[in-house]
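In the two complexes below, chain A is the common chain; its partner is chain B in one and chain C in the other.
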Partner chain A sequence: MDKMGSGEGPDNLQYRWCHLRKVLERTGPFCHPDFEPSPDNLNFLMESCKLLVIGAGGLGCELMKDLALMGFKDIHVIDMDTIELSNLNRQFLFRRRDIGQSKAEVAAKFISTRIPGCHVTPHFSKIQDFDETFYRSFHIVISGLDSIVARRWINGMLISLLSYKDGVLDQSSLIPLIDGGTEGFKGNARVILPGITACIECTLDLFPPQVTYPLCTIANTPRLPEHCIEYVKVIQWSKENPWDVPIDGDDPQHINWIYEKAMERAVQFGIQGITYRLVQGVVKNIIPAVASTNAVVAAACATEVFKLATSCCVPLDNYMVFNDVDGIYTYTYQAERKEDCLACSQVPTTVDIPGPEAKLEDLITVLCESPKFLMKSPGLTATIDGKNRTLYMPTVASIEEKTRVNLKKSLNELGLEDGSQLMVADSTSPNTLIIILKFASPPDFEME
Partner chain B sequence: MIKLFSLKQQKKDGETAPKTGNQKKPSAAQLRITKDINELNLPKTCNTEFPDPDDLLTFKLIICPDEGFYRGGRFSFSFKVGPNYPHEPPKVKCETPVYHPNIDLEGNVCLNILREDWKPVLTINSIVYGLQYLFLEPNPEDPLNKEAAEVLQNNRRLFEQNVQKAMRGGYVGSVYFERCLK
Partner chain C sequence: MSSPAPKSPEQSEKSKKYDRQLRLWGDHGQSALESAQVCLINATGIGTEILKSLVLPGIGAFTIVDGKKVTEEDTGCNFFLDAESCGKSRAQVATQLLLELNPDVRGDYVDENIDQLLENSPDFFNNFTVVIGTSLIERTLIPLSKKLWDLQIPFIVCRSYGFIGYIRVQVAEHTVIETHPDNQIPDLRLDRPFPSLKKYVDSIDLEAMEYKDHAHVPYLIILYKYLQQWKAEHNGQLPKNYKEKEDFKSTIRKGIYVDEHGNPEDEENFEEAMKAVTSSIKSTLVPSHVRDILDDDSCINLTSKSKPFWIMAKAVRDFVENEGEGCLPLCGSIPDMTAETGKYIALQQIYHNQAAKDSEVVFRCVQQLLHQLNQPPDTITEKEVKLFCKYASSLYLVRGTSIADEYDPKTLNAQNIAGNLENPENTMVYYVMLRGVDRFYSEYNMYPGEFEDQVEPDIVKLKACISKLLSEWGCGPLAKDDYVHEICRYGGAELHSVSSFIGGCAAQETIKFITGQYKPVNNTFIYDAITSNTATFAF
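Take a look at the complex of A and B:
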């Protein structure tokens, strides 16, 4: 199916990698202090290093092309979207005949065919469809996403892969995340070393909030075409519910309905400027994409991947903003880690428990009396068999009533085992804590 | 700066990695809502109902104002917390038909922190207080129910009578309100 770079063809020509060799086999004034020049560096990059690119859209196409041309040969790509006509102006791995097909699959095939020796493995799915074992198999993850939810998810996943020995991070469990983002003429590239530098969650405030208008303005004093569209989207749709379903921004029937109703409203208030495209833009929250911004941000990301993979140079520390609205402007600064970050400040704490026959109330007693915790009225939840369970929550009457029975149940009966993780919220801590149950060894194993 | 791949000659297969068990990890939204719910500090006029205690993302808030125009009424709000919480606010709707300048007949609520002024530092508790305040100080400046707002602005007595009429169950103008007295 795919032709692999099996040692023949242009790969063997001396000159293909001569520029990389100059960087990787010699030292220089800007090298990372620990850098050891050697042919091993290029060898690792080409033969061992396994990359995951998330998103095969505007940024993803650029990223895959850059990384493949840099010599990375083992690249995986995930994207759940299919190709649309409007993608073709900038997502250059796709052609008109590809419309309707998986972005990941078409992009993978294009790169694998076009760049000798490089093999791209496509995954036509959501990032949430894969588990830890999958993500743990990569050296570096690169994201070119337009969704904050997806960014937060992969961030949380990579943080959950970290392992700690006596509270100290085991660096071999660390998988760097290089995150690129663009919005029109603005973009950013950042290097996230989970557990070490600021993560997505630490800097959630940096993401621009969705544009929203006050409800009363939309309802009574609309001035902009957007107000009219929002009115139909937020108020009129649920009132009239033409198809008895939530709005689907990809359904032309839905967009047409909203367009017509928004027009009526605009006429009523003497507002001009409603177009089908604007309706689509407001409903789907589309920000126009600019090919050159994607190219610059992807190049910055790919350079960071190269630096991390080879240790040839100190990586970006850690957040670069780029703006080419008016001339070109870039600025790099060190985004700070948040001490109480919901994601990366979470170092799971172990709690010693006699065994599976201990009751939930015994666990709560430990949390309240052990000098390590000294909690006041902890609320406990857990994920058991893939489902969220509220084990006990004393502060909310309706939950307390329904979960009280759990207090007398044994941990075993509740589906908890040695190593199970629980979320514990208490007024004594600014965040929900993650605790890991540790059962005392059964007597049989005590003699060695 | 750390040098990441000192062990870089080795390939990654996953089996060398430490086993932490294949548990589903709680999302940041889940961690945050657990905290928000556990720390709910409700005024005595408010109460929450969780139809499914395992689902902390879906619940109702009941407000029974003990002063102001709406004293004696009982108003139910539905809360839906999405996966992007707290980057995005929860979706809140009023389920009790109410004659109120800032709540329309479909249950949409005009409260700034539910939309344009939402910030991740705000909590479920902030919204509870915001909603409670709407009943104490209905605001005719930001109307969602324009008729009610005009009455409140021009004739407070009539507004008070209309609120009473609506809460007892009956017509205000051409709109019928179901009884919602406690």
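Take a look at the complex of A and C:
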């Protein structure tokens, strides 16, 4: 009897990949209709397929290991962070001696050494440092991020790479995005086919809203230890400014100061429960994380990458949630596309504004707070009387200063009317978005 | 007695390293983890993945039992065996590479086959906290299951087979105090206020308040006041059904102050009160799953060997029957609500103090019980009793079944299988497949489809194995052959991403047993990576 794996393997271990070869060289009843059993499938993974992993943290470390052991040999990884002590309870490619070094570089070196033949290329940078040509060179992008803004950005980038001929999507321009996320014992994995299935922007409401406390509670009627900590963070620090610098959550002196002041405030109001750990958690907005959840979610993502790259099974359609607090629970469903999605619908989006007397700053508030947009710090330009005018630009200090005066002006004063088009730039997308102003009620039709 | 806390407690190295998980299971969960000893049988890809997620969070020690040598195939699905290690002891190499992950963890290995070990060192397993088995054949699995069942050591069996993953948890009895439910229903006692609560709320006159104060009364007080009124008008009954609760809400709405134009003022606390009606207006009862625990034989008939959980449960039972007048000890915490600081803190104190009183009663009873049972008085600390009382309404008990019984057709719950298989696509079909693979291996000493030129004949053989099993269980034949074909396609292949998925899950189940926190899966979990679905079955 002949065991599988005869012939020279690409890394000189002829039996190493026989597990993968069984599912790639044999067909089965649950394969994708396009699947052809053949050694070419493994050859494609090993010789041609190029992957990009975004994030070399809890999910990223797991993803690189999983993908390398699923036969992929050309993996790029982007991460702008350096290794910290609190990463070591789950980011298993890092050791104590690596603290302070680039996550991407250490992780890449580890994988390339442990699995000979697998080449991981590190990029110690931000995703925004790369352009379309870079992103276009990958077959599949996998994100393991803790930032919603970065997720939205890469989502926008992959959508901008799509090309349409006569309104029909050119399939060759499509790069799938596999996205994983975790928080404590909960997580999710999803498959996004940009332009075809629900994208990150289509499902913005799935992200848990950030916990915020009303300013009046913090200032006047604190009840929880968190209120006292927020008070010191938001109000007392800027007032007393002990070191004349913004708060650095990693500086123990800063945390100590906040801890002591929050404690004083708590004692004053009779509030219990301030601990050093809680102070750190609130100041740094720490999300709990364990090795096991990261392993599970990254594995689910890697399985989907393998399916997409080989067609050996039908991919996940398109969203799986995971929670192992009470037994082990998962739920798989089809997240739906939003017909007027800001990012992937190709339909210009309207923004509802009360009327021409609304101020520019009101418009910006809507763009930041409406669940449809949830922007961070949008910059606005418009074509008014045939001229391109910058209305507000927060990102460049000198222009911000010049355009700040517009914030208090009404849309009417700025020459904008019902139906006007605005170009909006924001950190949540690499693309400039076009939005159309829509006034709720014409002036002569106003309510009493 | 205790010295004042240091002004700014600097964190230790350890608490910095484990910060992200300490926020979940706490320092006490961590110290349980650090004193645990886990045994892994067979350093397969899935086995080392499980240990990885236990070594990283800082388990005390692990031992790997594996008599095999590393092969090239192993290095294709196991991250903790490197290319240079082929031919060396698999247990040894895996132990070394896993220990690199965390210097706080101790690890050793036994380069011996599990069957030999069971025969030569029958006491080998006595001191482990949890035992994990992978790649176990039926002939080994059954005696091991019996042994660990008798030793009352949790046993977790895992498999990664092609696109299918499997976890079976065997535990005779497991109890959990801190289940960390996602939605905890607040324990407010509005239907039967205790004296200090009554005294405080009765001293407050809502109608006499200025708007500013009125808009900052905690909703708990609003609910209390309007409930008193409702009860007075309804023979002492609570609003029971949907309609009555809606009526009750509208009486609350009428309490909102109006401005000089007759428009309602903005009173967020009243809005919160109306929202809380559904969850907070109810009779305070002992939940049925807790009732079952309190009525359990282990609770009623304590012995000198009774575990702390049962002694505390008995003390709580006594409390419910006496001082508690039918209620559990008070939980003692209240949800956050729009309120002025003074009144909120006052309420918080009232609940906190009553809970402290209740748990003190329970603690005294615990001490008496320990004395009667001839157990040392420090067996259970006051802190533990407090925790038990605080979470009394979400206690959890599971009594499992043994794998040996499941593999015996006389004791197997076959209806479970037959019922699920009425839907031919139910994930249960993969349970049947894996059992078929076990049978196949027992008969032919290899996996179906393991050898390239045997796939077709193996499909026939595997079908025969499965038919035999199903008839032994009294189940009808399978509706489709598709699953048999798919299983033979795998030929025993281990795909790393499937191992990693199951590895993460199984590690967390192990942590649940060690820390006594969170509810473990009961008792069979199947992962179908083809469709990304999972299912849990109880055998």
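Methods note: the second predicted complex is superposed on the first by the 333 of 448 C-alpha atoms of A that agree within 3 Å, B and C clash if a C-alpha of one lies under 4 Å from a C-alpha of the other, contacts with A are read in each partner's own complex, and residues count from 1 in each chain.
Basically, a residue touches a chain if its C-beta (ideal position, glycine included) is under 8 Å from a C-beta of that chain, and two chains touch if they have at least 3 such contacts.
Keep in mind that this is a model prediction, so the values were computed, not measured.
Student: Under the stated touch criterion, which partner chain does A:256 make contact with: chain B (first), chain C (second), both, or neither?
Tutor: It touches chain C, and chain B stays clear.
Student: Counting only touches as set out at the top, which of chain B and chain C does A:85 meet: first, second, both, neither?
Tutor: second
Student: If we overlay the two complexes on their shared chain A, which of chain B and chain C does A:277 touch? Say first, second, both or neither.
Tutor: Second partner only.
Student: Which of the two partners, first being chain B and second being chain C, lies in contact with A:157: first, second, both, or neither?
Tutor: In the superposition, A:157 touches chain B alone.
Student: Which of the two partners, first being chain B and second being chain C, lies in contact with A:326: first, second, both, or neither?
Tutor: The second partner, chain C, only.
Student: In the superposed arrangement, does A:389 touch chain B (first), chain C (second), both or neither?
Tutor: first
Student: Please indicate which partner A:306 is in contact with in the superposed arrangement: first for chain B, second for chain C, both, or neither.
Tutor: Once the two structures are laid over each other on A, A:306 reaches chain C alone.
Student: Touching A:223 in the superposition: chain B (first), chain C (second), both, neither?
Tutor: After superposition on chain A, A:223 lies in contact with chain C alone.
Student: Which positions of chain A sit in both the chain B and the chain C interface?
Tutor: In chain A, residues 314 are touched by chain B and also by chain C.
Student: Using the touch definition up top, name the residues of chain B that touch chain A in the complex.
Tutor: Residues 1-5, 7-14, 17-18, 20-32, 34-35, 37-40, 47-50, 53-56, 83-84, 86-88, 102, 104, 106, 108-110, 112, 114-116, 118, 120, 142-144, 146 of chain B touch chain A in their complex.
Student: Contact residues on chain C for chain A in the complex?
Tutor: Answer in residue numbers: 7-11, 13, 15-24, 45, 49, 52-53, 56-58, 71-73, 75-79, 82-83, 100-103, 162-163, 167, 179-182, 216, 336-341, 344-345, 348-349, 449, 451-455, 482, 485-486, 489-491, 493-501, 503-505, 507-509, 511, 518-522, 525, 529-534, 536.
Student: Mind pulling up the chain A residues that touch chain C in the complex?
Tutor: On the chain A side, the touching residues are 1-5, 11, 13-20, 22-23, 26-30, 62, 65-66, 69-70, 85-86, 88-90, 92, 95-96, 114-116, 184-185, 189, 217, 221-224, 252, 256, 259-260, 269-272, 276-277, 280-281, 286-296, 298-300, 302-304, 306, 313-314, 316, 320, 323-330, 332.
Student: Can you list the chain A residues touching chain B in their complex?
Tutor: 32-34, 40, 44, 48-50, 131-133, 136-139, 148-149, 152-153, 156-157, 160-161, 163, 170-174, 176, 193, 196, 201, 204-205, 207, 209-210, 212-216, 219-220, 234-235, 238-239, 308-309, 311, 314-315, 317, 342-343, 346, 378-379, 381, 383, 386-390, 393, 395-399, 402-403, 419-421, 423, 425-427, 431-432, 434
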